[in-house]
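Below are two complexes that have chain A in common, paired first with chain B and then with chain C.
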Partner chain A sequence: MRIARLLAVCWWFQLKQMTKAGLFVFTSIIEPLIFATLAYYLFKAGHRPGTLLYAALSAGLMGIWTSTLFGSGGAINFQRWQGVLEPLVASPPPYALILFPQTLAAASIGLYSLASTLVWGRVIFGIPLHFVHPVAFAISIVVTIVSLGVLGLVMGASFILYREANALSNMLEFPIWIVTGVIVPLSLLPGWIHPLSWILAPTWGYRAIHNAALGGNPWPGIGIALGLAAVYFVIGQAVVVAFERRARERATLSLV
Partner chain B sequence: MAAIEAENLRRTYKQTSGFLRRRTKTIEAVRGIDFAVDEGELFGLLGPNGAGKTTTIKMLVTLLIPTSGTARVLGSDVVDDARTVRRKIGYVFGGDRGAYERLSGLDNLRYFSELYGVPPKVQKQRIPELLELVGLTGRERERVEGYSRGMRQRLHIARGLLHDPPVIVLDEPTIGLDPVGARELRHTIAELARAGKTVLLTTHYMYEADALCDRIAVIAKGEIVATGTPAHLKSAVADRTVIEIEAYGAPEDAIRRLRDAPGVTSVAVEDREHAQLLLVQAPQGSVLTQQLLGHLDGVRVGRVTAREPTLEDAYVSLVTEN
Partner chain C sequence: MSVAVRNRMSYGRDQRLRQTLRIFFHGGYFSYRALFNWQSPRFYVPTMLAGPAFQVLFFAYLGRYSHVRDDAFYVVGNAVQVSGMSGVFGVAITVGGERWTQTLAPLLATPANRMALFLGRALPHIVNGFIVSAFGFAIGRLLLDFHPGLGTIPELAVVVLLSTTTCTAFGLVVGALGLRWRDVFTIANPAYFLMLLFCGVNIPLSALPKWMQVVGSGMPLTHGIAAARRVAHGASLSSVDGLIGKEALIGLCYFAAAYVLLRVFEAEGRRRATLELV
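What follows is the complex of A and B.
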């Protein structure tokens, strides 16, 4: 109960904190709109009008990944700049329980991306927002956000130890879009990429979202995404503990 | 049981340089120190910049792992039982960073209350009390980015007290504050000690340590060079006299000549606006003034006075002679 409250309050606090960064929110809305517009014209040129909703959803999901990626790593560097990393580490909860609500908040900010691309698609291009399984659609979005937040925890851990870890963030944006099947369906990718896709929780989350919106069974995707998120959490927690200890040994917590 | 115990506590840092030929240099920041702070005591760790005060504090608050030695807070080891130590300590550090700038002071306090497991009902009562204590009532809903340095510092103090810790560690809390703000803060620290808290304070302001601390440990170059009450430390230089010489542009070699002069125990230099104040310590009864002025030949000299030593002179003597 105590942990649930800690996670909920910290998530809300971090969400509030990130929302005050107007530019962060602005970019998480604008960039997906550009992708959505390009995707709309590409799909239209391909004479596949039935997949226009797929294009709008995919652009939104790309935005969710971007905000998770930069928000998760950026959160720790931001804490360094503001001098709050040390007080946070010196507080009693395990640091993983402090970091996870932040990465979850970063992923949640991505909802702006999804909402904006769907509204943009509806208003500008007249794409009908008809979801085949609306309840499953909402659940699959929540599960995807959680799985991304946990993935952010695993990645964010490296920022405790390495101040330059943002190079990692920059490197991971585009490959994950491709490998998780958000740009093109996985079936179009070479076979050797598939195992990599399968171990990424967002792959299953995105698949569940697409199935819930466009038709298909979303539940296997939801289940696998949740299972993988649980595995990531165990890994992320262990990595955070190890990296936090290493940072205390190497005296890197106070470095900006 | 002592509230804080440090035994042979040591911390080194490794610095690497070079690209192809990596060179590693080991810096000894704290060289095996021992001290103990009793429950309810206000203990000062006093030393110049770079003496190892902050490194010591960071080991005690679990932010740094000691290279060797042990430290305990109310019986809990700072490495093996870090989470228990974190619950028992309120950590306040100096400077104007350390809060979420875009959020209000109140939001910052609420967030850290959650981290320290303060129940919501208690938060509702304690946060206004602390805001009152540190003089931020009425400003708590403003964003921290608009706070002055003094307000941020007071916010840090409130944050350190949210969970009502039995041990409070203050690392140079008055650094950068204006004289009025610093005096108010010293008053707050004294109140905490009166309320029965164990307080460990680091500072390089002698008068602050003198005014507040029950006992002081003087740290220099990573080693504790003296421990005792302010009166005890003062007594170490009671048999000396201090000659103050106001000089204008005294070069390094002239100061070195003063240091090497027979009968001189130590020389400290304070830079004033347009002048330097040379504080020469010598055994009481020495008649050195003419000899000292001879070493400053060619240097414009202003007022020269002799006086009894103060606690600051004791500190200067301990730091420079060790």
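What follows is the complex of A and C.
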């Protein structure tokens, strides 16, 4: 019960804090709208009108990854800059239980992206919002956000040791969009990329969301994304413990 | 006028010129050095080389999926646009970042020539933007279906250098706005990404609504990218002189706008005592 309360309070606090930050308003709303507009005109120019809902949906999903990336990657650095990383690490609960709700909040912020690109597509471009499996659509979004939050835990933990975390965040936005097939189908990518995409939970989450919205079976994607999220959680906890210990030994926790 | 007076005036002019050039080159160099993170390969390589390279790849594959244009279209468009990583973000941080480092007030308290002061800060970013852009082209050449003739490279370099310069002028405008609005990234982020949409980077301008074409034609890079695409296909520089002329003119307009904005916001910052607010 105490753990559930800790997770809920941290998640809610982080969500409120990020909602008020200009950077996250941009990455979760403005940037996805720019990409949604770009994808709309691109697919329209390529005479693929059937893919317009796909474009709006994909731009929103791209936004979920961007929010997760900058929120999770920056979570530890923000704490460093604010001078609260050391007290948080020294506090009684395991640090993984403090970091996880923060990365989950970063992924949750991505809901703004999805909502804004779908509303934008409907209002500005008149794209009909007809989802083939609405219940599965909602479930697949929740599962994708949780799996991204757990992936964010692994990523954020790795950044404990790497002070230029922002640089990695800047770099990782486009490659994950490519590898997870969020907007470009994996079949167009070189074969050697496929195994890499299979071990990424967002690949399966995105596939489930696309299938639930546009037609297809979303359940295998939901199941695999959940399974991978569980594996990530175990890895994330181990990584947090190992890296936290190393950072304590090297006295680099509070270095900015 | 006596010879002695004329010599004194000439000496004074020479000294002012030397000072201006020193502020332009040394000031620009040191302001770039002061971007301490950027000196580290651990920051520079992921942000300035890998990130833009992945942008080129992403849009090339998106282009293949959308069937709009070939790889060359996306490689040229994005390789030129990624110069904005330095031209927009770098300049915005350099100028707007003076506020965070609390050096803005002392800087503006000096009698230094403002034109030299701020244009000098743009110079290293033009060079850096050119390097970022060249790396984007190299990635396109190595990993995608983009094979311009060797003979086109010098002319392509001229167009890219011009485009990088106009993009940097645009970055100066963004940096100037950073003197007024305290968080420069709130302006720099949309400015960079809107270029992807409006400047014909990934969508042919003809496929956009009329009002977006009008906005795009007044943005930096739009004409430079169009010229670069033709040059990459083998056209000579003289055959794209109209596009080059427009790009240069737009760049000059942005430099002028940046200068005016910087002076206006400097005066306003002094009047409202907001130069040191972070």
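Just so we're on the same page, the second predicted complex is superposed on the first by the 252 of 256 C-alpha atoms of A that agree within 3 Å, B and C clash if a C-alpha of one lies under 4 Å from a C-alpha of the other, contacts with A are read in each partner's own complex, and residues count from 1 in each chain.
Note that a residue touches a chain if its C-beta (ideal position, glycine included) is under 8 Å from a C-beta of that chain, and two chains touch if they have at least 3 such contacts.
Treat the numbers as computed from the prediction; the structure is a model and nothing was measured.
Colleague: Would you check which partner chain A:Q82 touches, where first means chain B only, second means chain C only, and both and neither mean what they say?
Modeller: It touches chain B, and chain C stays clear.
Colleague: On the A-aligned overlay, A:K16 touches which partner chain: chain B = first, chain C = second, or both, or neither?
Modeller: first
Colleague: Looking at the overlay, what does A:I30 touch: chain B (first), chain C (second), both, or neither?
Modeller: In the superposition, A:I30 touches chain C alone.
Colleague: Now for A:V184: first (chain B), second (chain C), both, or neither, which partner does it touch?
Modeller: Touch partner of A:V184: chain C, not chain B.
Colleague: Just to be sure I read the superposition right, which of the two partners does A:M171 touch: chain B = first, chain C = second, or both, or neither?
Modeller: second
Colleague: Look at A:L42 in the shared chain and tell me whether it touches chain B only, chain C only, both, or neither; answer first, second, both or neither.
Modeller: After superposing on A, A:L42 lies in contact with chain C but is clear of chain B.
Colleague: Quick one: is A:V231 in contact with chain B, with chain C, with both, or with neither? Answer first, second, both or neither.
Modeller: A:V231 sits against neither chain B nor chain C.
Colleague: Pick one for A:P93: touches chain B only (first), chain C only (second), both, or neither.
Modeller: After superposition on chain A, A:P93 lies in contact with chain B alone.
Colleague: Applying the document's contact rule, which stretches of chain C touch chain A when the two form their complex?
Modeller: That would be residues 37, 40, 42-47, 50-51, 54-55, 57-58, 61-68, 183, 185-186, 189-190, 193-194, 196-197, 202-204, 207-208 of chain C.
Colleague: Considering only the defined contacts, which chain A positions touch chain C in the complex?
Modeller: Of all residues in chain A, those touching chain C are 22-23, 26-27, 30-31, 34-35, 37-39, 41-48, 162, 164, 166-168, 170-171, 173-175, 177-178, 183-185, 188-189.
Colleague: What does chain A use to touch chain B in their complex?
Modeller: Residues of chain A touching chain B: 2, 5-6, 9-10, 13, 16-17, 20-21, 82-84, 86-94, 98, 245, 248-251, 253-254.
Colleague: Which of the residues in chain B end up touching chain A in this complex?
Modeller: Residue list for chain B touching chain A: 13-14, 58, 61-65, 83, 86-87, 89, 91, 93, 95, 97-103, 107, 110-112, 114-117, 159.
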